[in-house]
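Across the two complexes that follow, chain A remains constant while its partner is chain B and subsequently chain C.
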Partner chain A sequence: MSLYSIAWKYIWGRLLASALTALSVALGVSLILATFLLTRGIRASFIVGATDYSLLVGAKSNPTQLVLGTIFRMDVATPNMPYSVYEQLHDDVRVERAVPVALGDAYQGFRYVGTTIDYFAAAPWRRKTFAVAVGRLWDETPPEQPTYEALLGAEVAQRTGLRLGDAFYEGEEMAEYPLTVVGILRPTYSADDRTIFFSLASFWGMNEVARNAAVKPLTTVLVRPKRLSDLPNLHREFNVNPETQAVLPSAVLLTIFNLLSVAEEVLRFVLEAVVLVVLLYLFVALYSAMLERRREIATMRALGARRLTVLLIVLLEACFIALLGGLAGLVGGHGMAALGAHLLSQRGGLALAPFTVSALQPLLLAGVTLLGGCAGLLPAVLAYRTEVAENLAPLS
Partner chain B sequence: MSRVVYALSCCLGLAVCTLLAYGDEVSRLTFAQLVDSIRANLELTQKIQSYNGKEVEIQGFIIPAGPPDLSFFLLSRVSAIGNYCCELPTGQDETVYVFTAKGVKLFYDPLRVYKVRGRFDAGIRHDAAYGVSLFRLHQAQVEEAVGAKVMKSEGNAATAPGR
Partner chain C sequence: MEQTPPVVLLQAVQKSFPLHQGRDLQVLDIPQLAISVGSYTVVQGPSGSGKTTLLNLIAGITMPTSGHIRVSGTDMTSLPEPQRDRFRAAYIGYIFQTFNLLAPFTAVENVMLAMLFAQTIPKREQRQRAVEILSRLGLSTRLAHRPAQLSRGEQQRVAIARALANDPPVLLADEPCASLDAATAQVVLMALHAMCRESHKTVLIVAHDTAALEGADQVLEMRDINRVTGRPDGVDRV
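For the complex of A and B:
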């Protein structure tokens, strides 16, 4: 009988105790993996979902609110500013592209965004690409001739069940201005998948105040300068203006990352404590098992088993339990991450990939097995030092 | 015998120290030098162009003009987030386009001076993704510049950080 099968029989012989020990290892591994996948996923989804525009110009308010509202559709919209701000930026020789954005209400929780078709236009500096899966973009019309044509993000179409030609509205006051689906976008894996787009003319037409207002409202202008070195000057000009603010979206996201990294540090300490507790539990379980088996070990030794053989069996048992717990932990960790990702997607609008497999998983499994072996080292040494004569004495 | 071993150890130690000292020696460029190097039609002096392809270090503020992973950013003499209380923002002449080496991690602080070290590249370049640039640093490593001074001294329009 090989050492592996003896170690396996030892585990099988104390099935409940071994299963509970493996479960504690699995819980520890699950926590570590889920925490890592979620924290890394949040950061990655912010980076992937970030805009390619270098500057956002909006009304005076909180910069974070402007970025989260405009780019990630997470927060309430910032106050309105006049449409003339867009015209000013559009005519500025330093600006390559300016795109107006008006944030509105929502349909079944999916945000209305009024903009121009420039929002979807490709450029060499854009990482994000938009493509219409079915249908078309809306027809741009003057403000007095709104078409109420809507373009749906991929997730909106999937979750609401809206199809081409469907008319929809939410709220009594909107019944007179139903939107008609003219197109559905391909997934972009960003907040745009959860957005209902239409023209600014439609946006203003749906709004009772904006409909008749001489100065049309706007939430944000996305700006890309021709020369990035002009960015500080543009930033300053719109910040010293008493009505507007200019924000570098990446600067705001980096500030959020800084806050996240503080939370990650705290989590790291908690996880280190979890690892310690799990290792301690594994050690206690193996130690008590070894004490129970002193007579068996002495018998094995009397029958010719070498000290080293006994040591290896206990070490293998520890490694097996850690390995089983580790494998179960990987499954559990991905499950917990998937649950967390679903909640974040529902509430925060972040698109995470909880089943990403990288070098982390094999490293984690190898690390857990190794640490399991370390936890079993002392019980193994005690088994190694078990005296035959002492432990084979009659029990009475 | 022991004297020979001792002498050899000393020589080896000296050689290692020399190598380390030489390896650490990187030309330091200031924004004042960058501004001074510009001639008519954005032509650059031979002196500044002699640094092309060489490892240099420049200190300044980070302006996150690219993606939030800071794989690309602008390095400027003036901070972009400090509400410009003291100085007007800089232009093309005092802006370096920085492309960081893969995996560079840093704690971004808009009001902190950073020491950026990378392969220098000077001259007008038109890039579809990044537009027109004059000074660039490639494969850059970034770290906080402890104790750097960025105050502009009176009468000197282009005093560089750290001076």
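For the complex of A and C:
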């Protein structure tokens, strides 16, 4: 027997009450952890997705819509611009890399993106890396010879069950132009996991208007200048152009983050209220337990337990409950974050890692245990001050 | 022949409880009380005469308003509270009227608790010793039972085992048979008597039951609320 086992026995002796108290702690911890993981994940996901390319060039429209649509596959696609914009950027000596992107329809909710294989090319400045898990990239062909070869993002393959060699299409009108799976990408933990890629030739071939148009349409060009100092000029030139706009993803990111900060602040207040309520609940639970247990505490004291001993038992009990609640909360928090990440991925095109483990989890656990101890302090003092003779008197 | 010093000695002990408006209610006034080693003493008296207070004073649970209380040669009144707690755990076994077993713990654990608080018995021996004492009291099949799973008689025997856990020289029993039927009360009294005789323990028992008087070395009668007096029938006068 030890003080730990005494505290544990008391928790076990009031199983339902202890479980409910631990559950309230778990809910609080879950909310805090899930909120933290999601907000941090959203920020990280935006940063990873939006900072590889310094400039996005598209048709005149809402700049945020251009960034969200092109990079995160959110929102509706912006209007098209001529393919010649890409050619102009591709030939520009100030540009290190220009990648054309054409946003199309979707298959089972997974967006079609027509692009070139440059989209997947590695570069020292890229945060994101692509690797083909099985199969290969499509063969680049001239616009008049589309191959309709598709490269699937990891999640697309997983969710649709499509495998190499499978042909697929959505809608009877597309039956004439089925896509064939030639490769599946490794997970990138970004919106690309939820995307079906193919060549621009295939993209135009599948689109009735584009198929016959002399000027091929394009949604966006991703641009990486050779020197950062060229960025302002490029930005200005394509904004002055009446057909195009140039957007700095980092500026849009800042706007998004500002909006997020407001939401985070509101969430912080809510979480602070939750923590306060949980602590109060823990305190009330322990306090009422102490009131019920005065006779037992008096008995312990009569058996020779010192005041400090009974104080420690109550504190340990509070810490145990908080620790158990904290552990359950960590599991619940990751679960909530996984659910949130799933929703964000489905509706928002953001790919989050809800099971990321960092110093946060042990810190949260230590913090909640410490706060549990603080909530148990007053009940512990009540136990400490229990009058032995008074509480040993036979019950009438 | 050299006389053995008393194991419990009360000298000029007074106990008062504060009332309203600065007044005190004096419940005990004991000029002198000596309990000799290995004796079996029965304390009797009407309700409110201070019997439980007397036991609490000897156990060091309550401090006297004035006077000195010595147990096994140690002046309890001069000990700081933490040492008094430790001393009580090691030197005094206390048996309560309502048993006061701790509900979440099994019979063995209830006995081990007393050893944990006293810290006089090595940890690795505590369980073994608790099992032995409980077995001696006929509870070998009830070791893993919680108080709620035991009969009242069994609960009281667990309480006795707990009081004996640290092998204390003094056993205090506050109406240990009050909640028991006559037959079970007889078993409990016999167990206490046997402890006194076989283990040479000093037993001080508060009891209303005349059966408790059987074999008593001395009987203390608390006649009224303010003082303790002995009976004039040849037992003791204090």
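FYI, the second predicted complex is superposed on the first by the 390 of 396 C-alpha atoms of A that agree within 3 Å, B and C clash if a C-alpha of one lies under 4 Å from a C-alpha of the other, contacts with A are read in each partner's own complex, and residues count from 1 in each chain.
The rule is short, and it goes like this: a contact is a pair of C-beta atoms (placed from the backbone, for glycine too) under 8 Å apart; a residue touches a chain by one contact, two chains touch by 3 or more.
Given the structure is predicted, the values throughout are model-derived calculations rather than measurements.
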Who does A:Asn258 touch here: chain B (first), chain C (second), both, or neither? first
Looking at the overlay, does A:Trp12 come into contact with chain B only (first), chain C only (second), both, or neither? second
If you stack the two complexes on chain A, which partner ends up touching A:Ala305: first (chain B), second (chain C), both, or neither? second
Which of the two partners, first being chain B and second being chain C, lies in contact with A:Ala50: first, second, both, or neither? first
A:Thr160 contacts which: chain B (first), chain C (second), both, neither? neither
Identify the partner contact of A:Leu392: answer first if only chain B is touched, second if only chain C is, both if each is, neither if none is. second
On the A-aligned overlay, A:Arg295 touches which partner chain: chain B = first, chain C = second, or both, or neither? second
Going by the contact definition given at the top, which residues of chain A touch chain B in one complex and chain C in the other? none
Partner chain A, residues of chain B touching it in the complex: 63-70, 73-74, 76, 78, 80-81, 83-84, 88-92, 95, 97, 107-110, 128-134
What does chain C use to touch chain A in their complex? 52-53, 56, 59, 61-62, 81-82, 85-86, 88-90, 94, 96-98, 100, 102-105, 109, 112-118, 126, 162, 175, 178
Which positions of chain A touch chain C when the two form their complex? 1-2, 6, 9-10, 12-13, 295-296, 299-309, 388-389, 392-395
In the complex, chain A touches chain B at residues 46-47, 50, 54, 96, 124-125, 127, 225-233, 235-236, 239-240, 248-251, 253-255, 257-258, 261
